[in-house]
Amino acid sequence: MKKMKAVFFTLLAATALSVFLIQSGVQAQPQAEQVAKQQPKQTAAKPLVHAPDTVTPAPKMAFFPCSQCHSAMPVNKKERALTFHTEITLKHMPTGWCYSCHDEKNRDKLKLANGDLIDYNDSALLCGQCHGASLKEWQDGVHGKRTGMWNGKKVYENCLSCHDQHQPAFKAIKPMPAPERPEKIIYKKKK
Amino acid sequence: MIKNTRKHPAAIDLDRRTFLKGAALGAAAMALPPADADAGFLESFFQKHFREMSDEEIKKVIDRLEKDYSKQFSKEVKVKATKPMENVVFGYGLDIGRCIGCRKCVQACVEENNQSRDPQIQWISVLKMKKGAKMADFQTADKYYQPEQVPEPGYFYLPVQCQQCEDPPCVKVCPTKATWKEKDGIVVIDYNWCIGCRYCMAACPYGARRFNWGTPNVPAEQLNPNTHYLGNRPRPKGSVEKCTFCIQRTREGRYPACVEACPVGARKFGNLADPNSEIRKAMEHFRVFRLKEDLNTKPQFFYFFGVKSNRAEGGK
Amino acid sequence: MTTALINFFKDITNIFKGGPKYYMLMGILGAILAVGLGAYYLQVDRGLIITAMRDQVAWGFYIANFTFLVGVAAAAVLLVIPAYLYKFKPIKEVVLFGEIMAVTAIIMCLLFIMVDVGRPLFVWHMLPVIGTINFPASLLGWDFFVLNGYLAVNLAALGYALFCYSQGKPYSLKILLPIVIFSIPMAFSIHTVTAFLYGAVKARPFWNVSILGPRFLASAFCSGPALMLLVFQALRKYEKVDIEDKAIFKISEIITYALGINLFFLFVEIFTDFYSHTLNGASMHYLFFGIDGKTNLVPFIWTAVVLNLAAFAIMLTPKYRYNYKTLNIALVMMIIGVYIEKGMGLVIPGQTPDPLGEIYEYMPTTPEMLISIAIWALGAMIFIALTKFALPKIKAAKNFDH
């Protein structure tokens, strides 16, 4: 049953991916695995946001560049309990591990499923591989948060401004206080 | 009706002295201005309707108000009268699939728009509704929810504020024309012209209008000094107020405060006349609906379901 | 001309003449008024926050009283129709008292509006020419015209008749009749317009019904004339005014029909709401049964229904209708019944639940009630003063035939 589920999700992801790739004008490959095996290319995809006067905030990263430490470390592809990045809990896809998104050789880049390496600033493209509709909606401004000017310079909050990439479900938060009931709204003497 | 009155919390203690004082001053109270009126009273008493004033007259009124407010709050308060932009009709979109009911919008609105803290006035009401319940039946809604965390499993949230109707019933019923629809679609109120009859409140199908039952109270240090005459300037006791799409911000191109405060990006705002605006894109992408469409008020406030459900932990 | 005016106003002193009982009555009314003025001072100072009205229920006891009193103002026209259209002489002689009552009721209506508004100083904004009255869009604009128009018509008819009497001659029907006839459509219009005031509000399904106008008219023809019949009997007893039994019984007959129609309309409304059982019926449900244990209005509306039904049963039986004791009991029951049904029973459930489904149980506060009672006391004083002023002239007019 579990296996079935995994197969289903993989297929789903592959479908979403191919749709996205066709949309973004990249030649879609029949097999996702094949794509991953190709030589990594250094070209980034098309600009994320076309509108002028827009800013997308850079992701907040504590230890960038990652290569500082990782270049000296051997690659360990085994799924295991992390001993250093303990703040990370992976609760995202049904399957997958660090190297689904991080490039094992160039630690300062993210890796798309087709093997393209992209900047951390363009992480939305990575998310968009599976969440293609969301990426499109985000580019149109109907998904995600924007601040600034409705008719001018604005800040497009990134995927990562709101979602934790490793466990993207929203955390429940404490609500602001409830309004006062009408019975409680009474005259009070000025101080 | 008279006999069976339960004690209402607002039934303040009326001691005898109040009455003696009252009996003596009662007649005077009807004819004379309230005790806290200042020298500018006559000017404000005879102030004309906002729309009947020339630009110069408006400037004079604004100068007076700025002086009054600055004195009252001991800091410089700016009052603008920015006019609507050309070819702009504001529209608002709210993704109730995403709203988590945190009331951050309410808080931001109160602070931006100088709503009275006590007696409390809030322009936005966030309704908690049961998933699967009748959506048109607001009686299943709860405005006063206060759980440890939101969203709560099994519920969705529906924030309601002024819907800036294309055909606003409140404007139609106002006996003094103190409220009207501006060219950019914002329904505004001239607080100085409103007599406080509250017919508009009876007429609003969205419960969006608020009355200053007592003297509004905003602590000086919390007052937002960037105000608009038709928006967030300090209001007088006894007048009606409501959401203006943050007229003081949006007429200068900025997003409303609630849009910027929403932590889940559920709030969308833009120019309905611009096909590339976020609101127009939202209308293309999603199936939008408006509240109480059967009343034909044609709100410029659209709701939609951007995702199937709020996906927060617990919200499943 | 000067002498004519002196003659006209000389009876003004009559207001201050009377026995100890009269002074006591006026004293009590004056005291109630003073207390109410005190409460009103408080309201002006602190704001309407001292009332129980809130954003959820923005109209309360004041507007309920206003609505009832618009009905009372109909009293006059119910006399005018039989007196002038059907030339029923016994009623013709008491028409002036009906007009005094109409004038009083309208003044009270305007006062109830005045105490209800948040910024009474600025009510001039609502005036034509100097203000910006929203006419014809706002029904309040219409109400402004018809209420003041009705007041003017009644004052004109009353003033003209009394002026003629003070000259020692009968009034000319050529002048009075057009005024009086004009007052008939005016009376209908104050009810229709006030009913439309509510009926126009599509946000409140309880009000937004077409039967509201007819219901207003029917109930107006019960409560107003009922109050007047009690006043007639008091006038007959204490002021020795000659009022024929025939007049009283004729009016009570008309009231009976009106009450029957009123009850029928109420039944129609109840049927439609409860049978179709749409979400719009929530207000009706709140009124008659309460919602979620919130049942403040339930005892009142059932009292009203029982009182109205009982009054109707009594009035329908000629034996009891022609008996002053049972008639008066029925009249009092009817006045209370209509006062509840058309006052709080109309205004409050219209706003409960509020448009967002919230149920705030409104019940007037003490100051709110004191202010309302004070307006009633002031109304009584105005009525007594006007009657005292008019009485000598009306009595004198008995000496000459119209």
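We just call them A, B and C in the order they show up, numbering each chain from 1.
By definition in this document, contacts are C-beta pairs under 8 Å (C-beta built on N, C-alpha and C of every residue); 3 or more make two chains touch, one makes a residue touch a chain.
Every value quoted in this text rests on a predicted model; they were computed, and no experiment measured them.
Enquirer: Most central chain by CA mean?
Expert: Of all chains shown, the one whose C-alpha centroid lies nearest the global centroid is B.
Enquirer: Using the stated contact rule, I'd like to know whether A-B or A-C comes out ahead in C-beta pair count.
Expert: Between A-B and A-C, the larger count of C-beta pairs in contact belongs to A-B.
Enquirer: Let me have the rounded angstrom distance from the C-alpha centre of subunit A over to the C-alpha centre of subunit B, please.
Expert: It comes to 37 Å between the two C-alpha centres.
Enquirer: Roughly how many whole angstrom separate the Cα centroids of subunit A and subunit C?
Expert: Taking the average C-alpha coordinate of subunit A and of subunit C, the gap between them is 70 Å.
Enquirer: Spell out, as numbers or ranges, the residues of subunit B touching 2 or more other chains.
Expert: Answer for subunit B, listing residues that touch two or more other chains: 8, 10, 12, 119, 125, 143, 213-214.
Enquirer: What are the residue numbers in subunit A that touch two or more other chains?
Expert: 181, 183, 185-187
Enquirer: Considering subunit C alone, which of its residues make contact with at least two other chains?
Expert: In subunit C, 46-47, 49-50, 54-56 touch at least two other chains.
Enquirer: Would you pull the subunit B residues touching subunit A in the complex into a rising list?
Expert: Subunit B reaches subunit A through residues 8-10, 12, 88, 93, 100-104, 106-107, 118-120, 122, 125, 143-151, 213-214, 250, 253-255, 259-260, 262-265, 268-271, 277-278, 281-282, 285-286, 306, 310-315.
Enquirer: Mind pulling up the subunit A residues that touch subunit B in the complex?
Expert: The touching residues are 137, 140-152, 154, 157, 162, 169-181, 183-188.
Enquirer: Mind pulling up the subunit B residues that touch subunit C in the complex?
Expert: Residues 1-2, 4-6, 8, 10-12, 14, 18-23, 25-27, 29-30, 33-35, 45, 49, 52, 119, 125, 127, 134, 136-141, 143, 160, 169, 172-178, 192-199, 201-207, 209-215, 236-240, 295.
Enquirer: Under the definition above, what is the set of subunit A residues touching subunit C in their complex?
Expert: Where subunit A meets subunit C, its residues are 181-183, 185-187.
Enquirer: Using the touch definition up top, name the residues of subunit C that touch subunit B in the complex.
Expert: Checking each residue of subunit C against subunit B gives 34-42, 44-56, 58-59, 61, 64, 113, 116-123, 125-126, 131-134, 137-141, 144, 197, 200-204, 279, 282, 291, 296, 299-300, 339-340, 343-344, 350-351, 353-359, 363-367, 369-370, 373.
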